[in-house]
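What follows is a set of structures for review.
Same chain, two partners: chain A is paired with chain B first, then with chain C.
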Partner chain A sequence: MATVETDTVTLSINDREVTVPKGMSLVEAAAEAGIEVPVFCYEPRLGAAVGACRMCLVEIEGIPKLQTACTTPVTDGMVVHSHSDRAREGQDAVLEFLLINHPLDCPICDKGGECPLQDLTFRYGPGSTRMTLPKRTHTKPVPISPLIKLDRERCILCYRCTRFSEDVSGDLQLVTEHRGANSIITTFEGRPYDGEFSGNVTELCPVGALTSISYRFRGRPWEIQNIPTVCGECPIGCNTYATIREGQVARVLSRNNPAVDDGWLCDRGRYTFPSLESEQRITTPLIRGGRGLEPVDGSTALDHIADRLRAAVERFGPGSVAIIASGDQTSEEAHLWARIQEQALGGGPIVCGPEGGAGWGELAAHSATIADLDDADLIVVAGATDLVHRAPILELRIRRAVDRGARVVTIGAGATRLDTLHAAEHVSAAPGTTHAALLAASQGVALKGLSDRSVILWNGRMSAPVATVLAHVAHASGCRVLPTPLAANELGCQAAGLGTHTPAEALEAVEQGRVKAVVLLGADPVGGWPGGDRWRGLMERAFFALQVSPFQTGSSGWATTIVPSPMPLEKEGTMTNIEGRVQRLRAAVPPPPGVLDGIVLAAELGRRLGLDMPDQPPAVFADMAGSRAAFAGLTWAGIGERGVRPEPASGSGQAPPAPHVAEGEPEGTIVVGYRQLMSGPTVEGAPALHFQRRSGIEISHDDAQQIGVATGDRVEVSFAGASLTGAALVQRRLRRGVVRLATAVPYVGPGELRAAPEETADA
Partner chain B sequence: MTTDLRILLDFDGDRRDIGDYERAGGYRQLTKALAGAPEDVIAAVDGSGIRGRGGAGFPTGRKASFLPKDRKPAYLCVNADESEPGTFKDREIMLRNPHALIEGVITMSFGIGATSAFIYIRGEYRAEFEVLMTALQQARERGFVGADVLGSGYDATVVLHRGAGAYICGEETALLSSLEGERGQPRSKPPFPAVAGLYAAPTLVNNVETLASVPYILEMGGAAYAEIGTERSKGTRVFSLSGNVKRPGNYELPLTATLRELIEGHGGGMPDGRTMKAIIPGGSSAPILMPDQIDTHIDFESIAAAGSMAGSGAIIVIDDRTCMVQLALRVSEFYKHESCGKCTPCREGTRWGVDIIRRIEMGEARQGELDLLLNVCDRILGNCLCPLGDAMAMPVASYVTHFRDEFQRHIDEGGCPFTEHSPISGLYHEPAAVS
Partner chain C sequence: MSPVTDNLKGFSVTFRHLFRKPVTQQFPEYKRPVYPRFRGRHRLHRHENGLEKCVGCSLCAAACPADCIRVVAAENTPEERYSPGERYARIYEINMSRCIFCGYCELACPFDAITLGHDYELAEMSRDALVYTKQMLLEPGPEARRTPVAPVDPYDIPAQEDGPA
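Let's look at the complex of A and B:
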C-alpha cells in the first residue's frame, strides 16, 4: 500500500477534487483547482488574512454559516461550494453592501476598466440597486501627499493600505479614524504620507480610492499599453510595467517577481518617470567651439568623436583615454564601450562608479540571492546609513523575515530604521571601520549562530579590505553575503568589462600624465564624486573630454563634446542586479528626437574606429556572451520575463587570506555624507518627489549636549575642505562622534562639528 | 423549586474590605490551590460545568484546557467591559464582592500558568475601577497578589486597564487588540485566543462573573456546583432585570428558575395597569420572546429552544405602551454606532437598516421597505466577522416578525401610532451621524 501523505489534504471544491498542502487557505486551494473565489481584502503579501471584507464567503458542508475562504484553512475531506445558491447569495450581499454608498463614478474613475470592484460586481453582484436613501458623502478627493490622492467615497474599507503601512513598510502613517459606517482612511495626524514606499498603496487599493496624482485622468485602460521592463534606478532592478499612452510613459507599476521585489516598488522607481521629459535633458549633440557649445547632428558628432579619440591615441599613445562610467549603462552598452577601449583605444583605465568596485570578484562564491533573506535565521546589515538609500526594497524583505522569526543584527553608526525592528540587535561601529567590527563580531558573541542560513548585507562601499573580511567571514561560517552596489548596473558593467580601475587608480594615471583624454559615460565625477577637484583638473587639461549623458551635470562645463544618451525607460538591453540576476530592459518609449540609442552610438563609433560591432541588442548580447565569462552560456531569449541568475563561480573552496584590519578606532568627529535615495538627476526631474528628501544634520545626543544644541538648532559641519550649515537632528541612537547628512558627494572621514554662529545663511 | 439560592451575592451590603471577605472564608481557596497542582484548579472548574457568563456560554473548564501547557508567556484576561445594553451585573459583583473576582483571577491564573492577568474594565465604570484598585492594593498588602504569592513561588501580576468607551472592546479579540494598543477591532478566528491571544501568546479570556465564581466552585467542589442547575447549565447566574417591571435590579438565581419567577417573583411583575408586550431575555441583541413564553426556563438551552439566547443575562421587559419600531430604532442605532467598521455587512448593513427603520418610524417608508429591512437583516446575519452585526439583525428581525402589523401600520398610516404614549418616544430624533 502506498504510504499516506501526511502533509497534503484532499478536498472538494465545486465538485472538483484537489490535493493541496496542509495549512493552505481555501482561496489558494480553489485557485489550484482553477476556481476563482472573489476577494478584496485578501492579499498574501500583507501577511495573514484578516477576513474583513467578507467577499470570499463560501459554503462548507457541515458548517451552518458561510465561511470566508481567505481565513479558512483546508482540511481533509472538506466539501466546499463557492457557486452554490447560498454562497452566491452571500457574495451578492457583500457586493450590495459595498455598493450602497459607493459613488458609482466609474465613468470618470481612473480605476475604471481595471477595477476589481467593477469586475466582481459584474461577475457576482447585484444588477440593480435597492438603496434609495442618501449616500454617505465625503470631501473628495483629498491629497494625502504630493503623490497620492484619496477619494473616500470610493473606498471600500478593505484596509489593504493601512495594513501595508503598518505591517509591510512599517511607516505607520496610514490609519483609520472613527468607526463603523463613519470609518475613514487618513494619515497619522493628517500629515502628508511621507515614506519611500507610499506609492504601493495605489496599486494595492482595489478601487479608485488611492490614486497617483500623476496618473489621475491620464488614461483609460483600453488606450494604454503596459510594457514589461525593469527599474533602472537602483541595483535591485525591481520588475516593472511602464504604462504607455500616446507615446508617453504615464505611470510605472510593479510586475511582481517574487525573487526580486515581491511586487513592491519604492517611490523613486515609481515616480521618477516624469524626468524623461525634464528640461535638464540634453536632446542634441553639442561640440564646443569658439562660441561655446554648439548643436550638431548625430553623424557629425560621431565623426568628430572618432577623429578626436584617434588623434589622442596617435598623439599620446595607446591607453591615453580614460572611460569614466556611472554604472547605469546597460550591459550591452558597457560591453561595446569596453571593446572600444580594449580594441581601438589601447586599453586605458575604465572606472565604474565612484566606488570603483574592487573586491567583488572575491565574493562571487559566497553571494546570496535576495530570496535567501526570506528563510535566513540571522540577517546582518552592516553599514553606517539607512539601507533604504542603497537598496530600498530590501528593507521590506528584511521586515518580513523578522516577522517570520529572523534575527537582525545591525552593525554601524546606529539610528537606522532597521535598528528599531523588534528583533534587532545592534553593534556599534565607527564609520570606516564597520568591516573591522563585523570581523570582530563574527568571532565574538554578537554574531554567534552565523551559519549557512545567515546572510550578511553589506550596505556600503565595496573595497578590497571589505571584500577580504566578507570572504573570510563567509568562508568561516558558511553564511552568504549580499553587498550593495551603488549604481543600478554596476555589476553588469563590471562583468561586461566596463570597470577595470578604481577611481584612485585612474586619478593616479591622470596625475602621472598617462591619461590625456576622457570619456564620461553617465558619470558626473566633477559634481558628484569624491575628489571632484582632481577630476575637474583632468577635464580642464584634457585634450578631449566627451560627456555622454541624459542630463546636463556638474561635469558638463568642462566637456568639449556632449552627446545625449537615453534613459533606462528608453533602452533595450540587460542589467545585472545586486544578486547577479540578468534582467531585460525594454524600451517603453523611444528616446527624444536627437538622442541616439546607446548601443547604436557605441557601435557607430566603434565602426568609425575600425571595429566590427553589432548594433542590435540581441546581437550585442550574443557577442558579449561569447567573450565575457560572466555571460557565458546565456542567451537573449533565455532571459525571459523573470531574468536569469547564472550560478556564480564556485571559487576554489580554499580559505581566503586572513584579513588584516587596522586596530583601534578613529578619534574625533567622523562625517558620513551619503547619497540619499531621493537625489540625483532623475529625482531632480520629478518635483513631486522632493517632499521626501531628508534634510538635517544628524548628530548624537552626547555631541549635541557637548556643543549645546538641540534638534532644529543650526550647526556647522566642516569636512573635505568645505563647510555646511543646517538644522541639527539629534538622534539618541546615533553613535557618539558621528555626524551624518545627505550630500551630493559621498564622504566618510574626519570633520568638525560646531554650533553655527548666529545669522549664518543656509549652505 | 427554590429560586433563592445565591452564591456570588449571598450577603447584604458589600465585602469590599478584605477583612470582611476573609472573615466570610475568602482567599482560602487561593491558599489551598497554591498548595496543590495547577491542574486541580482546572479540573474543579471543568467538573463544575460552569459556562461563561459573558455571553457565548462556552464551558469554562474546556476553554482553559485549550491553552497549550508549555508555552510561555501565557495570559489571563478578565472581561469587565460589560456594555451590552441592559447588562449591569458585573458592576455589582465588582462593587460588592471585588475580592471574589481577584481571588478567582489569581487562582485561575495559577491554574493556567499565566504570567500576568489583565482586567479590562469598561471606561465608564469609574467607581468600579476605584473599588477594584483599592481591593487589589489590599490583596497585594496581604500577599495574595504580587511576586511569590503566599510563599508559593507563583508570581501574580495583575494589570487593571480602563477601556475607552467602545462596546466592541467587550468582544474578546477586540479586547486583546485594544489591550495591545491597537484599534479595538475583532480579529478573525482561528487562531483562537487560547492559541494566539494577547501579544500572540496563549490567552484565556473570561467574564467577571465567570471568574468571580471560581472561589465558590473550589469551595463547594466542582461536583457539588454541578448539582445546581440543569443538565447543561450549571450553577447560579446574576440576572440584570430592567425595563417595565416594578423592581428592576440584579437577581442571582439558580439556572433552574423560569422567566416568570424572575420577572413576577423577584421583579414584582408589570407596573400597575400595564400588560406585557415582549421579553428581551439575554441583552438587547437577543431576539424577543412573547408574553406566552414567560414560563420558559432561564438556562442556556431553554432560552435557545424558545427561539432566543441567554446572552449576557440581561432581561428587559417591554410593556404594551412601547412602540416596537422605536425599540428597533433604539437597538439598531446602538449597534450601528458601535460597529467597529472592520467588516462590510455590519458596517454598511447596520447603517442601512437604521435608515430604513427611521423612515418607517417617521412615516416616510414605502410599501415593500419592511421586506427590504428583513432582507438586509438576513444579509447581515451570519456573514460578519464577529457577532456584532448579528446583534443588530437578530432582534430587529424578531421584532418585525412578531409585530409585523405594527410596523406595517407605521407605513400605512404615514407615522407612528404610539408617539405620545411610548416610553421611549422622542429618543430616536437624533439624526444619523454623517461624517
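Let's look at the complex of A and C:
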C-alpha cells in the first residue's frame, strides 16, 4: 500500500479531479484545475479571505446551501460544482443584488472598460434587473485625499480597501462606518487618507468607487497603452506600467513582480509622473556667457563641453575632472560616463551619491533578496529613521512577515513605524553608533536566533566600518544582509564603474587642488549633499562646471554649462535594484524637445573626445557586459519583463576581519536629518503629493520635559551651523537626546535643541 | 448578319437616345432627396435644457472602424457645466476624410448624443478642414445653460495647514 499523502488533498471540481495542497481555498483549487470562480473581494495579497461579496458561491455535494469558495478550504473527496444550475442561480442572484444599488453610469465612470464588475456582469448575472425602485444615493464624488476620490454609490462593499489599509499598509485610515446596507467606506474621523501606500486602493477597487484624481477622465482602456517599465524613484525598482494617452503619461500602475514589489506601489512612484511636465524642467542646453545662461542648441553645447573638458585635461593634466553623479542614471549612461572618465579624461574621481557607497563589495557574498524577507524568521532593521523613507515597499513585506510569525528587531533611535508592530523588539542605539549596537546585539541575547533564516536590513548610510560589521555578523551567523542604497540605481552605477571615490575622498582631491573641472550628473551637491559649502567652493573655483540634470537645482547657480537630461519614464536602459536585480527601463514618452537622450549625450560627447562609443541601449549594454564584471554574461534580451538577478560573487569564504568599533556613547543632543520619502525634485513637480510631507521635529519625551514643551509647541534645533524652527512632535519611544527631522541635506551629528519663543502674529 | 447591318443597328440605339430627355440632374441647383436612413455628416445633440448629451465616454471612438474619432474628456465644474453628470467631452473631433459613414458611433452611443444626419456636401480644399471639431458638430441650440450645482462639500478634507519650513 502506498502511504497516504497527508499534505495534499484530492477533490473534484466540475467533474475534474484536482490534487492540491491542504488548506488551499476552493477558489485557488479551481484555478489550479483551470476553472474560473468569479470573485470580487478575494485577493490573496490582502491576507485571509473574508467572503464579503458572495460572488464565489459554489455548490458542494453534501452541504445543503451554497458555499463561498474563497473561504472554504479544500477537503479530501469534496465534490464541487461551480457551473451547476444551483451555483449559477446563486451567482446570478448575487450579481443582481450587487447591481441593485450600483449606478449604471459606466459611460462616465473611469473604471468603465477595465471594471471587474462590468466584466462579470457580462458573463454572469441575469442580464436585466427586476429593480424598479430608486437607487441609493450618496454625495459623490467625495475626495478622501488630494489624490483619491470616492464614489460611494458605486461601492459594492467588498472591503478590499479597508483590508489593505488595515492588514497590508497598517495605517488603519480607511474604515467602514454604519452597518448593513447603510455601510459606507470613509476615512478615520474624516481626515484625509495620508499614507505612503494609499494609491494602491484605487487599483484594488473592483468597481469605480476609489479612483485616482490625476487619472480622472484621462482615458479609456482602448485609448491607452501600458508600457512596462520600472519605477526610478527609489532603489527597490518596483515594476510599473506607465499608461500613455496621446503622448503623455496619464497614470502609473503597479506591475506585479512577486520577487520585487508583490504588486504594490508607493504613492511617490505612482503620483510623481506630473513632474515630467514640471515648469522647473530644463528643456534646452545653457552656456554661461556674458549675460548669464544663454540657450544654445544641442550640438553647440556638446562641442563646447568637449572643448572645455579637453582643455581642462591639457591644462591641468589627466585626472583633473571629477564626475559627481546622483546614482539615478541608468547603468548604460553610467557605463558611458565612466568610460569617458577612464579613457578620455585620465581617470579623475567619480562619486556616486552623497553616501558614496564604500564597502558594498564586502557584502556581495552575503546579500539577501527581497523575497528572502518572506521566508525569514528574524528580520533585523537597523537604522535611525523610518524604513519607508529609503525603501518604502519593504515595509509591506515586513508587515506580512510579522503576520506570518516572524520576529522583527529594530535597532536604532526608536519611534519608527516598525516599532509599533506587535512582534517588534527594539534595541536602542544612538544615531551614528547603530552598527556598534548591531554588533553587540548579535553577540548578546537581543539577536539570539540569528541564523541563515534571518535577514538584516541596513536602513542607513553604508560605509566601510558598517560593511565590516555587517560582513562579520553575516559570516558568524550565516544570516543575509540587505543594505538600502540611497539612490535608485546606486548599485548599477557602481557596477558600471561610476563610483570610484567616496564624497570625502573627492573633496580631499578637490582641496588638494587636483580637481579643476567638475561634471554633475543629476547630482546637487551644493543644495542637497552634506558639505555643501565645500562643494560650492569647488564649483566656484572650477575651470569648467557642467551640470546634467532634468531640473534646476541648488547647484545650477554655479554651473557654467547646463545640459538637460531625461527622466526615468523617458529613458531606455537598465537599473540595478537593492537586491542586485537588473531590470529594464522602457521609455514611455519621448523627452521634451531639446532634451537629448542620456545615452546619446554621453556617446556623442565620447565621440567628440575621440572614443568609439555605441549610442543604442542594447549596444551599450553589450559593451558594458563585455567590460564590467558585474554585468558579465547578461544579455539585453535576457533581462525580460521581470529582470534578472545575477548570482552575486561568492566571496572568499574566509572570515572577514573582526570589526573595531569605537566604544562609548556620543554626548549631548544628536540631530538626525533625513531625506523624507516625499521630497526631491520629482515630488516638487507633483503638488498633489505635498500633503503627505511630514513636518515637525521629533523629540523624545524626556527632552520635551526638560525644555518644557509639548507636541505642537515650537522648538528650535541648531546643527551644522544653521538653525531651524518647527513644531515639536513628542515621541514617547524616541531615544533620549535624539532629535529627528526631515531635512533637504542628510545629517547625523551633534546639535542643540531649545524651546523657541512663541511665534509672533506675523504668520 | 453582315457587318453593315450590325453597325446600323448599333448606331440606331445612339440616335434614338439623342432625342430623349436627359437623366442628368443639375446637382448644385437640384438636390436629390436622400432616404430617411441615409448616413451623412454627424451631429452632436443637446438636451432640452441646452446641456450636451455627450459625456465623453469614448465608446464611439472604440466602435469606430476607421479610427477617426478623438475624444478627450474632462470634468464638469459648478462654474463650467457642459453635460449632466461629472464628465463631458472637452475635445470631440471627427476626421471626416477618414470616416466611412458606417454609423457604428451612433449605435455605440449610450446617450443618443451622436447621430448621422443627411448632409453629404463635405468637400474641402484642405484635409485639415475636414477634421470637424465639437463646435462644428454640436447642433445649434440654446447656449448651454450654466446649471448651478452645489459644490461637493469636501468634508473629508480639512483645510491644509502649512507646516514649518
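We adopt the following convention: the second predicted complex is superposed on the first by the 751 of 763 C-alpha atoms of A that agree within 3 Å, B and C clash if a C-alpha of one lies under 4 Å from a C-alpha of the other, contacts with A are read in each partner's own complex, and residues count from 1 in each chain.
In this section, contacts are C-beta pairs under 8 Å (C-beta built on N, C-alpha and C of every residue); 3 or more make two chains touch, one makes a residue touch a chain.
Quick caveat, the model's predicted, so the values are computed rather than measured.
**Student:** Touching A:191, do we find chain B (first), chain C (second), both, or neither?
**Tutor:** Only chain C is touched by A:191; chain B is not.
**Student:** Based on the superposed arrangement, let me know which partner A:405 touches: chain B (first), chain C (second), both, or neither?
**Tutor:** In the superposed model, A:405 contacts neither chain B nor chain C.
**Student:** Contacts for A:721 in the overlay, against chain B (first) and chain C (second): which applies, first, second, both or neither?
**Tutor:** neither
**Student:** So, A:90: does it touch chain B (first), chain C (second), both, or neither?
**Tutor:** first
**Student:** What residues of chain A sit close enough to touch chain B in their complex?
**Tutor:** 49-55, 57, 64-66, 68, 71, 73, 89-90, 93-94, 96-98, 100-101, 130-131, 133, 136-138, 156-157, 159, 176, 178-184
**Student:** Of all residues in chain A, which touch chain C in the complex?
**Tutor:** It comes out as residues 105-108, 112-113, 139-146, 150, 186-187, 190-192, 216-220, 222-223, 246, 691, 693, 695-697, 714, 724-727.
**Student:** Given the complex with chain A, which residues does chain C contribute to the contact?
**Tutor:** 55-59, 61-62, 72-75, 85-87, 110-111, 152-158, 160, 163-165
**Student:** Would you tell me which residues of chain B are touching chain A in their complex?
**Tutor:** 166, 168, 183, 187-188, 190, 336-352, 355-356, 359, 372, 379, 382-385, 433-435
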